[in-house]
Every structure is written in structure tokens, then in C-alpha cells.
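Working notes for the structure below.
The letters A, B, C and D name the chains in turn, as written, and every chain counts its residues from 1.
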């Protein structure tokens, strides 16, 4: 490089421009001004279902090029990272093509719609030595990182209980239509939301050995399209509740519900240790509640810790504590970690190998519900 | 009666003067000044483990007579209601003796330590036509009554999800010694706390058909006595987590934990309906949170309802809303309902028949944990 | 006494059987079973506006005798404590008569309707050596006692800021009619609610030197009686907001509002010190929030302390922390302290001397609002 | 333009690269991908105290050019908007130069350090017809916009009470050194934080007629520099408490405190109306609490409204409600509004004229504290 101060650029190719696509684009635009990165992302190509759609989105999000065929991104010399926010059923094909082309892959969760696909993705990435990152964005929250530090350091003693719930209401209305989320392949609240809390459970307590749960379809029929009078049956769950035994021996309870009236973002958990506890709720994502059992008599209680620069990487986003990060900034942190990994920093996490384990766990839950029995995760 | 204005008196014989015994005594002292009762309670005899203990407690709590032998109360002509706050293992013997003597019985929960005892109590009471009341005090909360009204009236639509937890920390410390609570017969967090949330689940959603759960003993050994260096193994659970299928088809998740660091009274539940939801936490027992799905656009959210006279029987205890009831007042309401039932008002609830169903449910959970399978409650 | 174990009894004469009268009666009924008192109260005579009303209330609350003329209580040999819950304008006459008769006086707040009356009450009690207690019930909360301990011990450093509010909504509706509360003599939110927060300010930070405030009458006319179409002007304030300089030099802000839509019991304060802070809200009266500035890095935050036996006298009412006390139990604690003072324990507080200071402070606020200037409290 | 789809660009010149400078840069980077703007910002020149500092910041934040002299920006043909995040004492000089050069001005609050400067800025902008925007970022919160809509539409009736506090703890530590914030010219908690709540009070309730307050310097001396043993006296307030009478006749209370132990972002207010109330706290900036007085009996309470796409412009930042915006996104909204105003949309607000009124109000508070009297704002 002529200019020794100039940073290396890496081209971003984004597939899908819906909720998460926009979120990815924003993260890539913002990240370089907030984090001291050795490699700087540049928005280059956006792919969507057809060229016109892609063109409009590219204009709106700031991509100079667009295409109606995602396959064009695989191997495009200007694209170093393929970011996948397409429907779940496409994740595997896209990722495998990008891996084959030597590109890095940043894929939204859940990894895939079935175990074979997920396994193929994991194996391909491992074989190629690809840098992969899966978008379990809630893990990026400085409060989650703090939670993990507290749990793994022994600060609250030995962990003895875990409970997690992810409830939202976006499918609470029976007139909410079918979408890729309700397709049998990879749909359901278990896959969509359950995968988040499984990833959090693993992040905090480690691997899950066995599961036992039930699935319920709350609204048996949904419109085939928004506003349509025609309906067809729903074949996936609206709600999943399950017990899990971690490798450590701790039992956890999990609930995923996308038809939870009143809840827009109840992603909450509590971890109990022998010398304290922590509680978190994404509804108030800038707070972690910590109970230290060794407090002074008469002064015990949960401490409401507000996120601040003392909880990395909060300080990259704001130097003043208590000012509050937002959901979108979790994705900024995510891409910062991905770019850091690409530049030789700590490995990206969760990568495909980790996301495969999450996938296997939710699949085991599905099997346990069908068979009404405990299922070993490792058996799938 | 010479004085037409004078109310009929009913004598109270109390067995046990610990936490709950004192609470019962206080409730009987207070109730007549707060509720317009047709029959007025009078503290008459207190029984405890020995005469000296009983005498001291009788003096402290305001009973003129005392005894070291609870059997003296059965059939005592001055005792119309036998109030049982003795260890769980004694409930059956005492209750059966009182029933046989034609007295009414007010018994703390859980009803008994095993199914045969509980069944015998239920059957004896039914055969004798005895008025019985079991002390599931949390149900007396005006906010719980409001919750039931909301759930059963259809105000939040069809119920589709239920989650309940009862976590306290009184056994969180491994140096907390053995007590009647940790005896195999009738002990464990499942029986002690799980019975509360099962009673609440039934109160709100009706009977439970089948269960599937796990039990965990967090502290495997405990001192044989307070401060003792000698320990013996713990044979009961510190924590129980289970799934339940209600007769209505709804799945619920339950957690009972008496070793929950940081939690002194996390008795919490959430009921989700197709057109709304309610949430409650005994930590803030004067609030019920209601989400009505039919709110105006942009004005949706959980309403924090504060208990007031519009939520009976709050007004009997305080004419001013928001002033807050306390735990002890739940017991005042409980004895008011018992005395009202004795005077021909609505039947006491939960009576032995209902408490037997609760007992059967927690026993089914125990069996499910042992056998690692779903268990039908009706089969026990 | 023949029976060395028997406790001395003291007769209670209660004047007024409304909200607070019922609350007093309940407290006297309950207290002996909860606190280890050397003198035991006995309900003896109830006075109300006429004999019939008094009779009905006496029956309901458990007083054997009744009267339509409160003057009969003064000097009644069976009455040791005269409890005053009559309208504010009567407090002085009743109290002075009881003091003259050698009885102890337990008077609801505010002490009187003007400075001369309040001063006369204080002086008479002091001259006669009467045991007096004024019903600023919120001070009895174990969480307030804890707050005071934290503030006065230096636990949060030097106090540098104070803010208090007492907002309720019982006069928010313009159709709420006139009552003794809206009479010019002694009425208004400033006197009714402002006196509570002034008492709390003094309890925590000590005397108030000067004040400066404004009064507002939100609803200029109110019905002369419930449901009446006839209205008359309101001459007292619905809302008072004022600044205060404590003797210590700290500035505090206060707000009293009885027309505060949405607030049923927002009695809240925050005390800021150089090394921490505390925050309290009676809406959640069993919690005190403590911020210790010396927490560990990344673990700072407000601790939500839940009331328990480690916060006396909570343990007298319940041995289990987190179970929650209610408003009525604050009055039980109040009468326990009164009875303890009568039996030679610590002096009752706040007595008439303290209540006079509160009265003087709110009167100074009134003057400051009229004159639109700072007013020295000691000048009144 | 050759390309009809290409958007007009506008060059950004930023002065200052501290907390707010970084925040501005990030907002300008992000905004075009989130809002459908007719004019697109482009980072062009960054000025800071010297060339080296400016160069480093320019590299970090993505500006191609840099300068150690802000004067170079005034009139730079590549700079359409001058964004000022320099110390308060420089605001006037910079703004006047930019206005004279025909550029738009985006200035951080408070507008200036004294009334004459502020007036000159207002007058110059008005005379030149300059588009100005002042960074009272909290006003951009969709929840504040909702609050304003509720207040001004009459949804909660006539407004009768207002209370606001802005407390932070960044100066709570006496070892926090002097900075531009503690300089007499334009410093103090009153100017720094009080200006925010005055702007909010005006946003919601309109102009303030008169004020009466007190100022306190909590820490009389501070180090001259971080870690320095040498101190010098503090001449500004750490805390300001004041009463205010709005033109509408409503009285409000305000508190600004930058030495508030425990509070990192307690920017809170409550507005009471005759038919409801709203409450807000920036600590949980994605929630607005609304009490509608016309609720159903037994269902009254504050509704916790969570921000979502139904509260514009939330949907521009995230299509899914409850996902939470962060502090930085308030600035994104701010620049979107500025850019929209430049492109012919609604006028930018608050502009210099509005910020002058805020300035005048806090100056009046200062005078009232000195003179210990009520002060008319319009008189300054």
C-alpha cells in the first residue's frame, strides 16, 4: 500500500435486505468509526430475490452494485465476506458456495433447517479453514459478556440452576400469515427463538447433554399471505418448552414462544450459583442484575448493574456509562468481532461448529417432543 | 343468646407455634375487626411439643390454655376449629382425630407426606362432611383473585401458555441444617414450594393431567442440627423443574427451588392468552400486570395494576388503594373465608379434596423424575 | 397482681372510626401477639360523631363501650391512652383534655390546623410530662429505619441532596367532594401529604431552616357533598412544591399532590451522599435501594434490599425475609413503640414536640407561597 | 447530475472529536442507510485542537481531511454543515463564522456560555436564514415524541403538574478534575444538565415564565488536572434545584445534579394531567409509562409502553418493536431531521431561537439563586 496509514479494505457482499440485512449493512457502515480495526469493511454487492428489489435495496443501504442472483457473489473477487440474511432454507447452499470460493461467511441464525445441512456447513468450513460467524447477536451484549465472566470465574460459586425464556408476540395474532418462518423446513419458535436461548445457555454453562420437551401449535391455521382469506395448516410449533441437562449436571428449563401476547422481547434468563445469582432480561438490555451472596448483613440484594465502559466493548460505542446501547449496536459489535478475527484476533464465535451444536440441540428437543422422552443431543 | 347483637363465638385450638402458628394466631386475633363475620373466633388452646413450650407460646400469642399433647384438643368442647401448623408428618393424625371429633380443620400445606395419608384425610373429611381449609395462603391475595377472574372470564382470550416459579433462598446455604422439611417423608422443595405453584396453576387453569420433571439435590449433605459439624445425607430435592399438561391441553412449566441464591420470595407466574396476558410476582405482591391485546395502537403494554378496594377483599383491610397489603394479611383473608364458610357462606377452598389433588400432582412429578418419563396424575 | 405472669393492661379509648380509626383498632388488637410488650392494650371505649354511629363501629371493631361524645373519654379511669383519629380541627381540643386528665395521647397527623393550636398541644404535653405519639406511620417501616441508619452512620458519606414526593390521586377527580381535608383550617395537600415528607426529611436529615414554595389549587370548585350538583370554591391547595434548606446546609425539594392522576401511593425519596445514595418508594414499601459508592469496578449499582428480619422490627411480624409487610403493620409497629415507651422504653417518636416542628415547617411553606419569598421556619 | 438516482451530497465539517464528536460522526455515517433522505451526508473535514490530534481523529472516524484550526472550515466549499462539539465557550465564534459563510450549523448544547453570545447566535442565524440545529438529543427519542403527542393532544386532559430531574454521577467524585465544564463561563450542572430538562419542559409544556431556585457547589475544590495534587476552587454549581412557572400556569420542579452518586442517566420526568399522566426515565429509554384515567374499574394502572415501529421514527432504525434503540441512535435521528430540514422538510428543531430560550431560562435560574427571588425569564 502506498499510504502506510491506510487500512486494508474488505468487500462485503450481502444476501437479503430485510430486517437483518438492513441491520448488517448498518453495522458494516458504522463499525470502522467506532472500533480500531485493522481491516475496514466496504459495502460492495447486495443480492436479493430479483434485480429490481436488489437495486432498490442497494441504493437505500449504500451498496454500489446489486444482483438478483446470490450465486454471483460466490467467488466475486471484490467480496471477501458473504453476509447471509436470506431465508433459513438457503443458508446451506449459499454458505457452501462461499466457502468453496474461499470467502469468509457471516450467516444469520439458525444455521440451517436440518442436521445434515448444518453438519455439511460445519464440515466444509472446518475443512477449508474458513472464518465463519453466526449471528447470535444477543451474545454480543456487554451485559452477556459480563454474565459469562461472572459465571465462569466462580464469582457466584458453583452453578446449580438455569432458566431461560425467549418470548415475543410477532406471531400472537392468528391473522399473522405464513412465511419462511412457518415452513416445515427450519421453522417454528423452537428454531427461531429457542436457538437463541440454547446459544445463551451454552455460552454461559457449556454443552447440553440431553433434552426433554413439548411443542405446541397455538394457531393451527394461518393465512397463506398477508390479508388473505385463504388459510393453510401450520406444521411448526408456536411454543416450545423443554428441560435440559447440561454436561455439568445442572438442569435448565427453556421456553420459546413467538405467540406470547404482551411480550415483544422477553429474552430473559437467571443463573443461580451456590454463592450468588444473576438475572437478565433483554427488555432492559443495558442492565445485569447480580446477587452476591457475600454482601453485608442487611445489605443483601440484587445489584442493578448498568452497562458502562467498564464492560467491554461498551466503551467503543459510548464513553459514558448508563447512556444505553441499542439492539443494532449488538450487530456492530458482532461485525467488529468478525473483522477482528479476520485480522488475526480471537477466533469468531459462535462459528459454524458452535452453531451446529445449537442446531443439534433444538433438533433433539423436537425429537423428544415427538417421542415424549429424553433425548441425548450427541446422538443426533 | 341474651344479647341479640352478640356474635356467636368459635373456639380456636392451635397446634404448633412456629412461623405459621404465630401467623394463624395473629389472623384469628385480627379478623373480626376487619371482616363482618357471623361467627367470631376466640383463641382458646395452644398445643406444642411440650407443656413448657406451649405455655410460653400461649402467653405470647394470647391463648388462655396450653398443652404439650395435641391429642387433648381433639374433641375439646371449647375448640371448634383445630388449626394445624405442626410438621407435615403429623398433619394426617391430627386432622383425622379432629374430623372424628366433629371439629373443623384448618391445616397448613402441604396436606400430607404421602398419597395414602392425603387420601385418607380427604375421604374422612368428605364422609364426615367436615369443613376443611388448607393454608395455600398465596391464593388469598386479591391480585390472585383478580388473576383468576381475568383468566376464567375470557378477558385475555383462550389460555395458551403458563409458567410458574417459586424460588426462595432459605436452604441456599449448605450449612442450613436438616429439619422436618428435609425428611424423606414429605420434604423437599417440590413438596414445600412446588405445592404452592401447583395450587396456583390449578386455581387459574384447572386440573393437571400429566407431568414430567427432574429433581436435584444441590447440597448433598447438611448438618444434623444448627451449627453441628456432623452432617448426614439429604434425601430430598432442593430443586424441582417440571413440565405439565393441563386437562385443557395447555402446557405449563414449573420450577420450585429453595436454594435459590438471591430470591427470598420469587413466587411468580405468567399466563398467556390469545388476547392478552397477565404476570405476577409475590416479590411485589400488590401488583398484577395485565396486557390487554385490544389496546389502542401505540398504547399497548402491560398495565401495572395496584391492589385497591376494587379488588375484593382488599377493602376490608384498607379503604385506600395502593396502600399495600402484607403477607400476614393473606392469612387474615384465609381465616375470614374459613369462618364465612362455617357460617354458611361459600365453601372453604382449597379444602382437603383440592389439596389432595395438589398432593397427587407433586407426587406424580416425583415419580416422573425417578422414572424419567411422563406420568398421568390420575394414575396415582 | 396475683398472677406474676399476667401483663399489665392499658385501656384504649379511640375517637373516630374511619380509615385511621379502624387501622388503630386493628393495630391494638394485633400488637400483643406479635411484640413482647410489658403492657398490653385492651380496646375499651370508642367515640364517634353520635351514639348510634359509635355503637355500630364499636361492635365492628371490638370495643365493649361506645359514646357519641368524645369528652366522656377524657378522664375515663378505664382509658389510659386516648387515640385520636377525628378530623384535624378537633385534635387540639381532644388532646388538651386528655393531657389535662393525665392520659397518654396517640394522635393522627397532622398535629393541628394552625401554629397556635400545635404550640399549645406541645406545651401542654411538655408541662404535664405526657407520653405523646403522632401517627406519622410511614416512619415505622423497617426500610425507613434502615434508611436513617444508613444516612446518619455516614455509610453513604456526607449527605448532599434530598428529594421527596408524596403524590396520591384521591382528589384527582374534580367530582371528589369537599371534606374536612379541604376546609381552610388545616386542609390541603401540603398539610395532609406534605407533612409526611417533611417528617421523613427531618427523620433522615434533621431540622429544616427555611423554605420557599408554591401552592396550586388544581380544581377550583368541588361539590359540597358526594354526588351533589352544588359546588363551592376550594380554598386549599391540591399541590404544593417547595424547596427547603436544612440546618445542615443541604437543599431539598419536596412535592405534595393529592390530585396526582395515576399515583395511589407515590411516597418516594432519594438521599444522595458523597459516597452513595438511597432511594425509596412506598409503592414498593418492602424495598430500599442502596448504592454503595465503594463497590467493585463493573459491579456498581443500586442494591434492591428486600425487608427481612435483619431489619428490625420486621422479625416481630414475620420471621421470613421477603414475605412483605403491609401498610397496616406500620401502625402495629407504631403502637408497639408507643406501648414500649409507656413501659419505660425509648421515648415515643415523633411526639408532639416533633410534630410541632413539622407543622411549623408546612406553615412556613404556606407563608412562602403567599409572599413569594424564602421563609425561616423558626420565625413562625 | 449524470445519474438521476444519485442523491445530492452534503459535506460535513466536524469541530471536536471527543464524546459528542465521535457520536456525530457515527450518526452521519449511519443515517443514509436508515432514513430515506433527499440529501446524503459525507464526512469531509475534521478540526481539533491541533493538527496531530485532528489527524488521528480523522483517521479513526473516517474523515479524509483534518485541520488544527477550526477557522478553516468556515467557508470551505466542501463543507455544507458545520458540526460543533467543541467546548461551550467556542460555540458562538464558530457558529457566527459558519453563518457568515453561508453554512448550516449543527451545534451541541448548551448553545452558549452567556446570554449575549446566545442572543448574537440567534440573531445572526435569523438574519441569514441559516438552518440551525442544537443537539438536545434526548428530544429525538420516539418515546419523547410520543410523550409530546399525548400531552399536546389532550389525551391526559389539562396538564396540572410537571417534575423533571437530570442526575448523573460523572462529577460525584471530588477527585474529578476541572474541565471546560467547571469553568465559570458556561459551566455547571445547571447549564450542562439543567438545559436538557428545560428543553424537555418546553418541548412538552411550552414556555417558562418565571423561575426560582438554588445552586449548590458540593465539592468546593477540584484538582486542576486529572490526578493532580493541586486543586483550585470550583466556581460553578454541582447541583441546581428550581421551581418554574410555565406560561400555562402550571408549576414545575426541576433538579440537575452531576454529582449524584449512583445515577448514571436519571433523566426522568412525570407529567400529570386531569385525565391521566405519563412518566419517563432515560435509564429505561425505550419505555414510556402512560396512565389513562379512563381505564376500566379494577384495571387502572400505568401502561408500560415499549418503543416500536408505531412510534416514529423507531421503524427507520428497527422494524421490530421492543428491540430497543440506544443513545447513539438518538443522534442518528437528530441528523436525519437536520438533513430533512435542509432538503425542505419540517424546520430543524430546536434551532438557535429555541436554544436561546433554554439558555435564557437557565440564566434566570442562576440569577434567582443569587438574588433568592423569583425571576421573570423574559426579563433577561
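By our rule, contacts are C-beta pairs under 8 Å (C-beta built on N, C-alpha and C of every residue); 3 or more make two chains touch, one makes a residue touch a chain.
Predicted, not measured: the structure shown is a model, and the values here were computed from it.
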Centroid comparison with chain C (C-alpha atoms), farthest chain: A
Centroid distance [mean C-alpha coordinates] between chain D and chain A, Å: 34
CA centroid of chain A to CA centroid of chain C, Å: 54
Centre-to-centre distance between chain B and chain A (centres being mean Cα positions), rounded to whole Å: 42
Chain D residues counted as touching two or more neighbouring chains: 263, 301-302, 306, 308
Chain contact graph, described as a line, ring, star, complete graph or other shape: complete
Residue numbers on chain C that touch chain B, as the complex places them: 5, 19, 22-23, 25-26, 29-30, 32-34, 36, 59-62, 168, 170, 263-265, 282-285, 306, 308, 317-329
Touch list for chain D against partner chain B, complex: 146, 290, 292, 295, 297-306, 308, 310-311
Parts of chain C lying in touch with chain D, wherever the complex brings them together: 156-157, 160-161, 163, 165, 167, 172, 174, 212-214, 216, 218, 238-239, 241-243, 245, 250-253, 255, 257, 259-263, 272-277, 279, 291, 293, 301-302, 372-374
